[in-house]
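So, here's a batch of structures to check.
One chain, chain A, appears in both complexes that follow, with chain B as partner in the first and chain C in the second.
Up next, the complex of A and B:
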């Protein structure tokens, strides 16, 4: 299967600060991916590099095999993008914005745009600045969708929305992905709302990619192990330990399994996606996901990595 | 993109059109009046027959200047329109998009950034050319009586009597667009543009303009009268008359600290003043000067617009 988005050792530096470092990942076409990481992790930088709004300091980024910076005439019609805080021309009416979309995009689907606006109950003669935040986000999403992109990127689309607006926004998005073979990458600092719509996960933390993969695969291979207090070296030799916590009598681990677990002293539990994400985000800032162990105190618990 | 640019800037467009219409009405009404008087009084016919200063027509010239001369500053005020166009239309053109982050919306439509910028520039510069062209035509027509009296080769009339007005408009817009793209802050860009336009135009107009070609200087001895031995034509640009001091420098201030009984002439001779001078640029250099200044402004504009393209293509978000 071809990749909608592919990055190789992608890095971006601002002055002396690396916003994104050595990012290598592939997003297969047809996936709906969540790009998760704390604020400042480099999510926006990765998205802007992907759509050609930024030039990489090092490395390569490709959209369906084309450079979004040099082959813009090929990539732009295939890209949909909703920037953070969904900017719109505030003094344009919704109808004006649809005209803008129609005039600037050869693949524009006006029927779809108007149908969605009607379904959402957004009046076409209203100025964008007079719409609620949720409606503005919806308009921005419809503008991106009616472009008929093959890859849609959304930068923190849910951040400024209330729970109801979030649900409606995701419903519009879900409708669109079901109808077409659209590939989606949306960033968020939380995973909660995204679990229903996404089937692919990219975890970004401290300018580095921590985990990339199919969500089912991720939840299948990650387990929580609970057992009597013990050393983790034995298990770490075959599996990747993501998080360790000890109490007086117990040791609890979150591991990525690399095969079957034989040791009967561990009680094996399923673990939720949210917990997996939190475990990765809680990791010490490292060059690579698995690196030298270090110890620190966190919330009164000893955490060893 | 043409529609989008129009939709984004139509308010400014209507304001510009309104100001232009009002200015035109003012110029047409006063201009027709003036032209009528100029013909009726016989001044026009008198001046047409000779190149001498307008005093040869008796009091007619002075009367005309007394009556209509006070209108000149009102017409000259219109010359700030190109400057305002640069600051208020040019500077926000890209800056406002960056400030409101709508560039992130429009740059991800199916047209390239270069295409986006070209359309904006063509439409805005085109409007600027149109405004400047209309102003140039109207002001030149309006000023004709004064031009026949005193010529257009002077600091004020030079600004609107030829392509310099168009070039100055392009310059203001180009600087505004460049500064807006560079700073990405609308209000800051407006003020910086104003400052930059002044910083370029004032030295050009007062420093360079009188010297695009070496001035012609006529000198004559102190002992003769103050009246120069040559008579400047009405169309020549008189750059000043004065004295040459002991060091050979031109001056039009004489401080003479001799005894009370001396006549000024004796005093100046005692201080070593060498003679009188008169500097001017002859009328036939008018168009050369117009094209030199036009070329200078257009060259700066091309640099500014080139830098704008570079910025938009390279330094992206």
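Up next, the complex of A and C:
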């Protein structure tokens, strides 16, 4: 299967600070992927590198096998991008925005755009700045979808939306993926809704990729183990321990299993996706402090934001 | 036609929730042979779920021989799970109600009843698979 997005040792440095470092990942076509991580983890940098808004300091990024920076005629028509806070020209009416989209994009689907606006009850003569936040987000999404992209990237599309607007936004987005082959990559620091929406996950933390894969495969292979207090060496020899906590009598682990678990002293429990994500995000701080000087992280955050 | 709902805090994978809800409907007789399941687009519009998840659920049901997909038409029920058990369910329910009453009389609260049921249920499951 072909990849919609592929990066190899992709890195971006601002001055002395790495916003993204040694990022190697592949996003197969047709997936709806979540890019999660705390603020300043490098999510926006990765998205901007992917659409050619930034030039990599090191490494390679490819959209359907082409460079978004050097082969723009092959990549740009296939790319849709909604930046953070879904920016629109506030003085333009919705109809103006549709005209702009039509004139600028060779693959523009005006029928789709108008049908979706109507379905959402968004008046075409209203200025974008006068629409509610939820409606502005919807308009930005519809404009990106009417471009008929093969890969749609969304930077924190849900962050500023209330729960109802969020659900409506996801409906429009997911409806566009039905039978279209559209690949979606959306960044988010809200992990609650992701399992119903996404089937692929990329965890980014402190400028590094922590985990990439199919969500069902991820939830299937990660387990919580609870047992009497003991060393984790035996488990760690075959499985990957992500998180460890001890009480006086009990040891609780979160592990990525690399095969069946035979040791009967552990009670094995399923783990929710949210807990898995949190374990990976927490891991960086506790287990690899040496590679992560705090100054770098903070400065990187300021530069990225 | 049935409607799905999704509990994101249940810890059960979304595709499995759909599989379970179809099976539940088949068991209770809410879905019968030749009934159509909602299309992927309808499910997506209804509960804002990843279409691949719905497809995976339907494929799983198809693999178990419960539904069949007719190209260009949709997914239809091929086999029901209700059968003879639907008739005996009323009798079983009555004896369960009697048992519940005797449990409450013995001083058990709802949580103890559930705990007792689940542990007994799991024990018999183990015996049957052993």
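By definition in this document, the second predicted complex is superposed on the first by the 283 of 305 C-alpha atoms of A that agree within 3 Å, B and C clash if a C-alpha of one lies under 4 Å from a C-alpha of the other, contacts with A are read in each partner's own complex, and residues count from 1 in each chain.
The definition used in the following text is that contacts are C-beta pairs under 8 Å (C-beta built on N, C-alpha and C of every residue); 3 or more make two chains touch, one makes a residue touch a chain.
The structure presented is a predicted model; accordingly, all values stated were derived computationally and were not measured.
Student: Tell me which of chain B and chain C touches more residues of chain A.
Tutor: In the superposed model, B touches more residues of chain A.
Student: With both complexes superposed on chain A, which partner does A:54 reach: first (chain B), second (chain C), both or neither?
Tutor: Touch partner of A:54: chain B, not chain C.
Student: Is A:88 touching the first partner chain B, the second partner chain C, both, or neither of them?
Tutor: First partner only, chain B.
Student: Look at A:100 in the shared chain and tell me whether it touches chain B only, chain C only, both, or neither; answer first, second, both or neither.
Tutor: So A:100 only meets chain B here.
Student: Touch test for A:226: chain B only (first), chain C only (second), both, or neither?
Tutor: It touches nothing on chain B or chain C.
Student: Could you say whether A:234 touches chain B, chain C, both of them, or neither, answering first, second, both or neither?
Tutor: Neither partner.
Student: Is A:79 in contact with chain B, with chain C, with both, or with neither (first, second, both, neither)?
Tutor: first
Student: Across the two complexes, find the residues of chain A that touch chain B and also touch chain C.
Tutor: Dual-contact residues (chain A): none.
Student: Residues of chain A touching chain C in their complex?
Tutor: That would be residues 30-32, 167, 170-171, 174-175, 177-179, 192-193, 195-199, 216, 219, 270, 272 of chain A.
Student: Of all residues in chain A, which touch chain B in the complex?
Tutor: By the definition above, chain A touches chain B via 48, 51-55, 72-73, 76-77, 79-81, 83, 85, 87-90, 92, 96, 99-101, 103-107, 140, 143-144, 147.
Student: Could you pull out which chain C residues touch chain A in their complex?
Tutor: Going through chain C, the ones touching chain A are 6, 8-9, 11, 13-15, 40-41, 44-45, 47-53, 56.
Student: Given the complex with chain A, which residues does chain B contribute to the contact?
Tutor: Result: residues 1, 3-4, 7-8, 100-102, 104-113, 314, 316-317 of chain B touch chain A.
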